[in-house]
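As written, the chains take the letters A, B, C and D, and residue 1 is the first residue of each chain.
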Amino acid sequence: MDGFAFSQDIRVRFAETDAQGIAHHASFVVWLEVARVAYLDEFAGGYNRIRASGIEALTTAVHLDYHRSAGFDDVLTVWTRCVDLRGARFRYEYRIVCDGELVAEGYTNHATVDRTTYRPTRVPAWLAEAIRGEQASAAPAS
Amino acid sequence: MDGFAFSQDIRVRFAETDAQGIAHHASFVVWLEVARVAYLDEFAGGYNRIRASGIEALTTAVHLDYHRSAGFDDVLTVWTRCVDLRGARFRYEYRIVCDGELVAEGYTNHATVDRTTYRPTRVPAWLAEAIRGEQASAAPAS
Amino acid sequence: MDGFAFSQDIRVRFAETDAQGIAHHASFVVWLEVARVAYLDEFAGGYNRIRASGIEALTTAVHLDYHRSAGFDDVLTVWTRCVDLRGARFRYEYRIVCDGELVAEGYTNHATVDRTTYRPTRVPAWLAEAIRGEQASAAPAS
Amino acid sequence: MDGFAFSQDIRVRFAETDAQGIAHHASFVVWLEVARVAYLDEFAGGYNRIRASGIEALTTAVHLDYHRSAGFDDVLTVWTRCVDLRGARFRYEYRIVCDGELVAEGYTNHATVDRTTYRPTRVPAWLAEAIRGEQASAAPAS
């Protein structure tokens, strides 16, 4: 997808549906996290490496716009990118598509804190670089 | 709370925490729904009455800003109000507080659709009135 | 209920339903935990007191028989009792009823471990006594 | 695994962990369902085919014994087989392993009902055969 270099596929679980017969809207928030974890696996040695380095990444905001419903067993592609990394803060953006249709889009904001004191801590250089590397690879050739 | 006339208390379940030792951020999205359902009980005869009238209320957007973490067994007060009701669309706003501190705030957007055709349908008059009644009761005397 | 002295009410959340239009069977496992936490509040100073004393209570088994479905917004009464407390192990039994009908019944097994070493640790005397006190109060007069 | 011909891998999501730092025990119940759905995809044309044929498969019992904890990002292999198919009832058995260690084992009981009347309905022949075919393929040569 234009501007996105990474995606993670998610198959909607039956437990994630609700009595409207569609995937419950809170399930999407979990899928964004699954996509972030896969993203960090790909570009930064995994979320467990980040935690092992004494840092927690907190979620400070979630935004989702739902355009279409998703149903049980649908395979959704969660396009994911990290943007606006500065200091202790960064943002992920997402587009969720199914069969070529945009199902939802949104973003999450995050802050890195020291795992013991819970005080804000700059995103470590290795992580910042890993993320910037991904962004470079996603940039359109020009 | 200023500008809010309705609240629903939520006790954080152990299953709603995560390995960071705090309530998982997706849990909040479920709590907003619990608060909406309680709100509709109070002002509009309940969500089941709405469904029985042939309407589904879809969630079209979720936004949450997290200011502090919530922990297991914390009792959160979810202040809730319905705003901007027009045609087939309406919005809820929320402030979640614990021990006098703002934990999170946000909004959800909704659209009413016919339960069979899934086409947009105006919010029925009885529901619109019920909601407006609540807003009137929440308005400060002046 | 015969043989049970404690119960916790649960209102089925919309997020806990599934595309069959009923409460998802995994939701019941969470409700058993909510009931245990309420039980410990009542008889043993709360789960947080147990955790503060350096102990974790692990769940080592879950068993549930489902007799009827539960629907959105149903209020379920989860009858709960602690039985068979010995050494580091204990069991809870449950009956879940709605409108006088048995919806589900089951049990969970637990083991107490040291919170740091994760080695089995006897249930502390104060907790064992608190639990036995509850059982005495539930016993039928004879 | 001895006696099992089918398995489904599951990666533990962060949202599935709890404040004990391990996968919450209710998450396993969801994973069993994910494995069943994958199993039906493999042997019986998928759960959606079953639903399309006018049948619902209800879960009538869940049993899980937990031997070890699972952690965030662990990849679990859920070995799954269908046993004891008779009339409108059948049972699945499971063994969940991680890195060669048994993490949990259990079973679920199910009943097929007519999707409209919710009355018990024999498991359709095509489904029964599909399942028996799988069992044959899992049997050790002798």
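Going forward, a residue touches a chain if its C-beta (ideal position, glycine included) is under 8 Å from a C-beta of that chain, and two chains touch if they have at least 3 such contacts.
Just so you know, these numbers come straight off a predicted model, no measurement behind them.
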**Chain whose Cα centroid lies at the greatest distance from that of chain B** = D
**Request:** By the contact definition above, name the pair with the higher C-beta contact count: A-C or A-B.
**Result:** A-B
**Message:** From the mean C-alpha coordinate of chain A to that of chain C, what's the distance rounded to whole Å?
**Reply:** 35
**Item:** chain A and chain B: spacing of chain centres that average the CA atoms, whole Å
**Value:** 25
**Complete:** Expected list for chain C, residues touching two or more other chains, is 14-15, 26, 30, 33, 72
**Request:** Sort out for me which residues of chain B touch chain C in the complex.
**Result:** 13-15, 30, 33-34, 37, 46-48, 72-73
**Asked** Which chain A residues qualify as touching chain C in the complex?
**Response** 14-15, 17-19, 21-22, 24, 26, 71-72
**Asked** What residues of chain D sit close enough to touch chain C in their complex?
**Response** 20, 25-26, 29-30, 33, 56, 58-66, 69
